[in-house]
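Chain naming follows the written order as A, B, C and D, and within any one chain the residues start at number 1.
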Amino acid sequence: MSSIDNTLPERQTSAGVEHTESLITLTPRQLLHRRAFSHWGLIIGTLTVIALVLLAVVGPLVLPFDAYAQELAGRLQPPVWAGGDWAHPLGTDHLGRDYLARLLIGARISLTVGFFAATLGCIIGVTLGVCAGYFGGRIDQAVSYLLTCQLALPQILLAMALVFLIGPSIYVVIGVIGVLQWSYFLVVTRSAVMRIRELDYIASAKTIGSSTRSIFWHEVLPNLRSQIIVIFTIEMGVAILSEAALSFLGVGIQSPTPSWGLMISEGRQSMFFNPWLTILPGIALFLLVMGVNLMGDGMRDVLTPEGRH
Amino acid sequence: MNEHAPLLRVENLSITLKTPSGEQVQPLRGVNFELSRGEALGIVGESGSGKSMSMLALMGLLPSNARRDADSLKLGDKDLLQIEDTTFAREIAGKRIGMIFQEPMTSLNPVYTIGRQLIETATLYGRGTARAARARAIELLNRVGVPEPELRLDQYPHQLSGGLRQRVMIAMALMNEPELIIADEPTTALDVTIKAQILDLLADLQSELGMGMILVSHDIGAVSRAVDRIGVMYAGAFVEKGPLDDVFEHPLHPYTQGLLQCAPRATLAHGGPRLGAIPGSVPSPFKRLTRCAFSDRCPHVHDACYGSEPALRSAGNQAYRCVLDAEQLQSDNDHSDKGVVIPHATPVQVEHGDPPVLALESASCVFTTRRGLLGRSKDNRAVDDVSIALHGNEILAIVGESGSGKTTTARMMLGLQQPTSGVALFRGEALEKSTPRQRAQLIQPVFQDPYSSLNPLRTVGDSIGRPLVVHGVGNRASRRERALEIMSLVGLPERFYNSYPNQMSGGQRQRVAIARALVLEPKVLICDEPTSALDISVQAQILNLLLDLRERLGLTYLLITHDLAVVRYFATRVVVMKSGQIVESGETERVYTQPTHPYTQELLASISDPLRRSA
Amino acid sequence: MMFCPLKRWTPASAGALALGLTMLLGLAGCTDDGSQDDILDVAFQSQVSNLDRTFTTKREYIILSQLIDDFLFDVDPETLKYEPLLAKSYEFINDTTLDVTLRDGVKFHDGSTLSVKDVLYTYNFVLDPDNGARANRNVSDWLESVEQIGPMTVRFHLSYPYPLALRDMAVTVPIRKAGSYTVDGELDKSALVTRENGLGPYEVVHFLPGREVMLKRFEDYYDGSPKGKPAIRQIRIHTISDWGSAQAGILAGELDWLYNVPGDIARNLDASGYAKRLVGPSMRIGFLQLDAAGLTGENAPLTDLRVRRAVNHAINRQSIVENLVGAGASLIATSCNPVQFGCETDVQRYPYDPRKARELLTEAGYPDGFPLTLWAYRDPYVAEAMAQDLRDVGIDVSLRYVPLPVLNKARSAGEIPAYFGTWGAGGTADVAATLSVMWNMNTDRNLAQDPLIAKLVASAERTQVKETRRQLYSRALKRIADQAYWAPLYVFPQNYVVNKRLGFPVPSDGLPRLYLTHWRSDGDSTSGDRASGGTVGNKGGN
Amino acid sequence: MLRFAIRRLLLALAVGFTVSLAAFLALQLATDPAQAIAGEDAEPAVVEQIRIEYGLDRPLVTQYVDWIGNVVQGNFGESFYWHQSVADLILQAAPTTLKLATFSILVTILVAIPLGALAAMRPNSWVDRLALSVSVSAQAIPNFWLGLVVIVIFSVHLGWFPVAGDRTLAHFVLPAFVLGMTSVPAVMRLTRAGLLEAFEADYIRTARAKGFRGYPLLKKQALRNAMLPVISVLAVQLGNKLGGAIITEAVFSMRGLGRLAVDSIQGGDIPTVQMLVFVFAMTFVLLTFIADLINAWIDPRLRLR
């Protein structure tokens, strides 16, 4: 080896102005950490979501209130600040159920639906997107047609019909939202795969004899990871709102299961007289979705800085 | 003021950039130069040397996070430091200084017509009437060689070819009869034949109109075609300045010397002296330099270089930045140039008698595009009836301009692309009959862009070891050993084993790509523009490495390139392609000295060599 | 309506808003007095898509039809007796022959005068099954033919002695002008969909299907009608399907009259001082229907009498009525509305007793309960409360709250083990209107499929002798209770929320007669003029 | 160009039929239209009569194929539920939805584009942060809830706007605001991103070298390029608003297409739902076509097709 005279100098240097030296010495993971911990939106969003997740998971176990116990005689009690008492800190609903407990369980519902609906959408969208992007041609055209149909379909209409058909349950809601919300996954993975497909490391993987499946799993998918995580988060926010909207329209989560959208819809009947019934779940929904969205935006900035705008 | 005042005077121009992470960067560290009226100055340097940045600074086009400092910045008697940016925009930009950029494809606004973009330059801020501007635009388009100028005015940029667009850019820069024209890498994105035409046009216009011109380029050969004086930049400052011929004939600064030595020359016969590569690469602009910027790459480095950065010294018409005397530098250069002639890697015996290792027989490749499920299909014949034979141990170059089909040819030979008709043969067997794994052990590629040829999520070690994993060779430990072995073979220190591509420079990445290609011990490397994304000093390192490896491992190379100099230096045999067809092929020297096809002759005529010009 | 200048606020004047915020705030206080423009703004929950009662069945159309149509007979809102309306007089010649003499000088909205020809046309139209009139199924069952026997007299030939003949003539067959449904010589069922030519006290000004109906007083309405001459000049019917908006409409003074208002909302609005709540009875009863016949599976738990009785014992009707349904509701133990003729109330009772319910379940072999889907299509809170009561005794209830067509689809497919049903009996004060629909063997509403009950009900329908009928119905109802086929719940109250200045007589059958409304001059009186139909017009002029 | 238009029209038809098939099947399986027509207290005999009368007893395939045949002949069918021709129903409800969609897209444009442009002119300034906050909030507020809140505040407490309905222009102010805000985040972000990207483009550097600065640079050089994706998204958003203003129409008790759709679904009125879905899908595809045309007008490179 020593006969080759052009070994590299010890001092590592860079040619580009666009890279800072200190950043260039970091591994991708370190780079990520550094960017993540200096991104305020991401931090606030993540903390909000973590706080709500903790409340949702731990709250119902710790607090002495039951989200399902009806007490018809004690219905529509106001929260403590509006003259209620500590037996029901946030008051009670139309059937005398504790509102705080229902809000907490509602957080579980929102998170569960959001997570699994986004997962389902992710599986559908990414599968279609990768196929369309990688194989192109007729497959791509078929997927595009499917996408056009999906986008052209008034989603709430079909959701309503499906929920009537199958009957409302959390699984159906997850299924409906997931099945109807994959376009973003599809569009982004499709174009990302089309781009990656043309990159030389894919050609290189082919020339070392990797099978198509191996290229999928080892070269293409890992490089979609960042984008998928980002879209997943954003779609989770969308799914949470969709669930709330479906429940608000009465075709989502079924009472007695508390869903924030359903609670808003129930509270709406007396929004002029018992406003907290509408306002509290609305604020909870707002906080959760904002947290998730801030997380998503933050992750986009951190994970895929090239598409920062 | 007076007639003899220089057109442009730049004193101690520096730029400080603030990065998002809060660090300070100095891509430009005290640049001085003057330009007389009617003079053409060339500024050369590798990427990151600050040459383009200094021009952007002149024009007030720096990004918002950049700060410009200078002792003096004068255009004629106008002090550019004293005027507001809006005044500068109104009175200077586009009016007294015209500027031409690198990318003709993107530098024109795609949504407006050529005419509008030309005319608005001359009507902005009431500079002139639209009617006069239109007449001027037509006249200029005529002058810069755009056919049917009146028709062109109503066309959009995408309807013009790259060369025409660059001509339009030139016309646009000239709309207001500027005193100074700045051309920032005006020909880099163009094909070789166009490149020469544009440079000649610029030179003609400059002398004809008596403007000052600054021509910025990384390509010494290109600059030499159009300028009188030259400045060499390195790490944000000039290291050498002087009249073109002086600098080329008697380069003083070791960097200039190295740069001239490491550029392969299309005018020198094949098999000349080994390229004099400059080790390492340009220092990061993030270091506060308290020593000579070139010290860690310099062959003459000694203690004095580490004390402080040397000042510019003058020697005759030249100025250079080094602690050593001009005579000493001069003699060192002559010494290394003529004394110790490092020989070209010994030519390996080419096995012409045997059947070709790899061959294409009457191969054609047609791409069919179809719009929508019902759309009409459109055929695009990328490669048309091409036969190529690659023999053992030879270095066969396919040369051609963009769109000539050379990359598609390479992909067919790699088995990445099925020929539409014809056949690809490996040792006489149809390539498609072998499995991808069998092929992989015999043919491997090295791609053009070292940034996209490595999976960004894999460490260097993983990338190099990946082929072994795919082929199920060895265990984790043995693969690591093998990877380290190959890394040392291609000159990568062991500490890079766990690095990621984003932590490496282009040259280092290209070494990783070569290492990965070699790990399965193939017989043939197909190198598609392996150095065109690299700086010239790094290009020399990689070319030398490839030659060394060939010697050590008995490799056969198929080289795809557009660079005529690299071909003559590197290849034993050459194939010239145009529009998907082979127009000429033969031994390198034969083709370069006695080209038969007019297109080959045209290609060769476009070669610009600073030394041949000065000779 | 609200004659606020702000009503004409357009996006174009957005700037003005910013500039004169204070001024606008001042203007915003301008009040709306519903009586100023003499328009009664009414909101229905369900949209009106067709003005023609001949081809519609829903409750809203009946209310509307009361305004724009007249019938041969009328139901007195207080006494619920059948009185002649377009008829001047009537006489049963025998059990199956009825002579009806028409009033003179009755005008259609188009100005033509009512004649015997029109009545004959109407009934013959209904009798022809090809015409698809909704009343055909009822009327053709008992009516054989109609003929003219005098200048203003019509004779009806009944196929058998039918006790509810006058009811059907009073509710289901509005009198149409002869030839109404013939357009260019062809049958056109939608001839009157958007522009009725009726005989009623109000005529249509305009109709935006699903959106709004505008009516104005028919000035040529005949003197001496028992309905009286209307007081209010115009009635505008909005469709506001959502209680939030309806409340907002009341609070903002945009609406004057709501009905079917959920108890909570009615209470709140009343307490707000913006409007007053009136409560009246309705004919509608609520009940749980249980799959006693095993339609959802042969061994479905509800086929066991003990399980059905357990369900009956498990539901705390008292608490539900007190807390959720509110004033005006009354508990029932039997499967009909006690005000109906023939409604036997002395039946087996199942008082609220969760312990007993658990015992019965254990006895039936379900000590740990069983899963049960309870379907419901209205009053979600009541459904939920019942579901909770059933869960409390160990039945694992999942509630399925769906729109009515979905429930009906599932029911006709035999997929419903239990549902929270309601029945308004078309406002008819006779159990016939309930039992014959619910217990014949052909309807999918009959989840019990008890042939004995079906037989009892069928024979009751074929006699005019009141006492016989009463006994037959009593036997049927006692059997229903014994077998616990249903869990009867309560009689729905009818909540109205009305402008404080509106006089509205609350009807005793739950069918509001809007032609009886009037603006009160005494302003903010709190005493609802409950069932005070007599205060307006000249009722009972016959 | 003509070929392109025809191809798009065929695509729109194909999508329309595919999507309406989905709606048809879902509704057929979920509800009993005959019962829906008859109403709550209908007697079974009447229901059966209705079923035969409307041909609901035929096989599904026959029903759907007949429907396609009718639509192709321009006969949009009769609504079971509303006893009117579906075409009339849609024409009656359309103005409300069209007005609502137009006003709300105007709100979107008037809020999002200036805000996005300001943010792009001064990245990381307070304007940028404000714009980002608006977008993050608007994205997270459930729009049905926002609708309720603005009704309580502006209609009931302040009395500035009517509560519900769609009779006057004033009725449209609040719903248009609420519906318009839902699209603000996407459009604002795209505007900002498009402009930032344009500002970094080589041709902007060229323009700056020619002397362009500030607002003229934005207006005469960058805006047109940046608008390409914005126009596509506006088309999609407008399509969604035309087809999906369901919640807003529900909250404000407006009787537009969304309400018609919900009522028709709940009433099991298959011909209306089918036709609505068909019209929505066609509208959507045609809107994207129009957006493509506008984009081709803006960007000559797209005219090649």
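Criterion: a contact is a pair of C-beta atoms (placed from the backbone, for glycine too) under 8 Å apart; a residue touches a chain by one contact, two chains touch by 3 or more.
Remember, predicted model here, so these are calculated numbers, not experimental data.
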Contact-graph distance - origin subunit B, target subunit C | 2
Identity of the chain that, by mean CA position, is farthest from subunit D | B
With contacts defined as at the top, give the pair, C-D or B-D, that has more of them.
-> C-D
Whole-Å gap separating subunit C and subunit D, where each centre is the average of the chain's CA atoms | 37
Intercentroid distance (Cα basis), subunit D paired with subunit B, Å = 51
CA centroids of subunit A and subunit B: separation to the nearest Å works out as 45
Taking each chain's mean CA coordinate, subunit A and subunit D are separated, in whole Å, by 24
Counting only residues that touch at least 2 other chains, which ones in subunit B make the list?
-> 372
So which stretches of subunit A touch two or more other chains?
-> 145, 164, 268, 271-272
Check: subunit D positions touching at least 2 other chains come out as 11, 30-31, 148, 156, 250
Each pair of chains that touch: what are they?
-> A-B, A-C, A-D, B-D, C-D
Mind listing the subunit C positions that touch subunit D in their complex?
-> 2, 4, 6-11, 17, 24-25, 28-29, 47, 49-50, 52, 55-59, 132, 134, 136-138, 189-190, 193-194, 208-211, 238-242, 244-245, 248-249, 251-252, 254, 403-406, 408-409, 412, 422-426, 437, 442-445
Interface residues, subunit C side, partner subunit A - complex = 242-244, 247-248, 251, 262, 264-265, 268, 271-272, 319-320, 322-324, 380-381, 384-385, 387-388, 398-403, 406
Within their complex, state which residues of subunit B touch subunit D.
-> 59-61, 85-86, 89-90, 92-95, 97-99, 101, 103, 106-112, 120-121, 124-125, 156, 158-159, 169, 172, 371-372, 374-375
Within their complex, state which residues of subunit D touch subunit B.
-> 7, 10-11, 201-203, 205-214, 216, 220-221, 224-225, 298-301, 305
Within their complex, state which residues of subunit A touch subunit D.
-> 41, 145, 148-149, 151-158, 160-162, 164-165, 237, 241, 244-245, 248-249, 261, 264, 268, 271-272, 275, 278-279, 282, 285-287, 289-290, 293-294, 297, 309
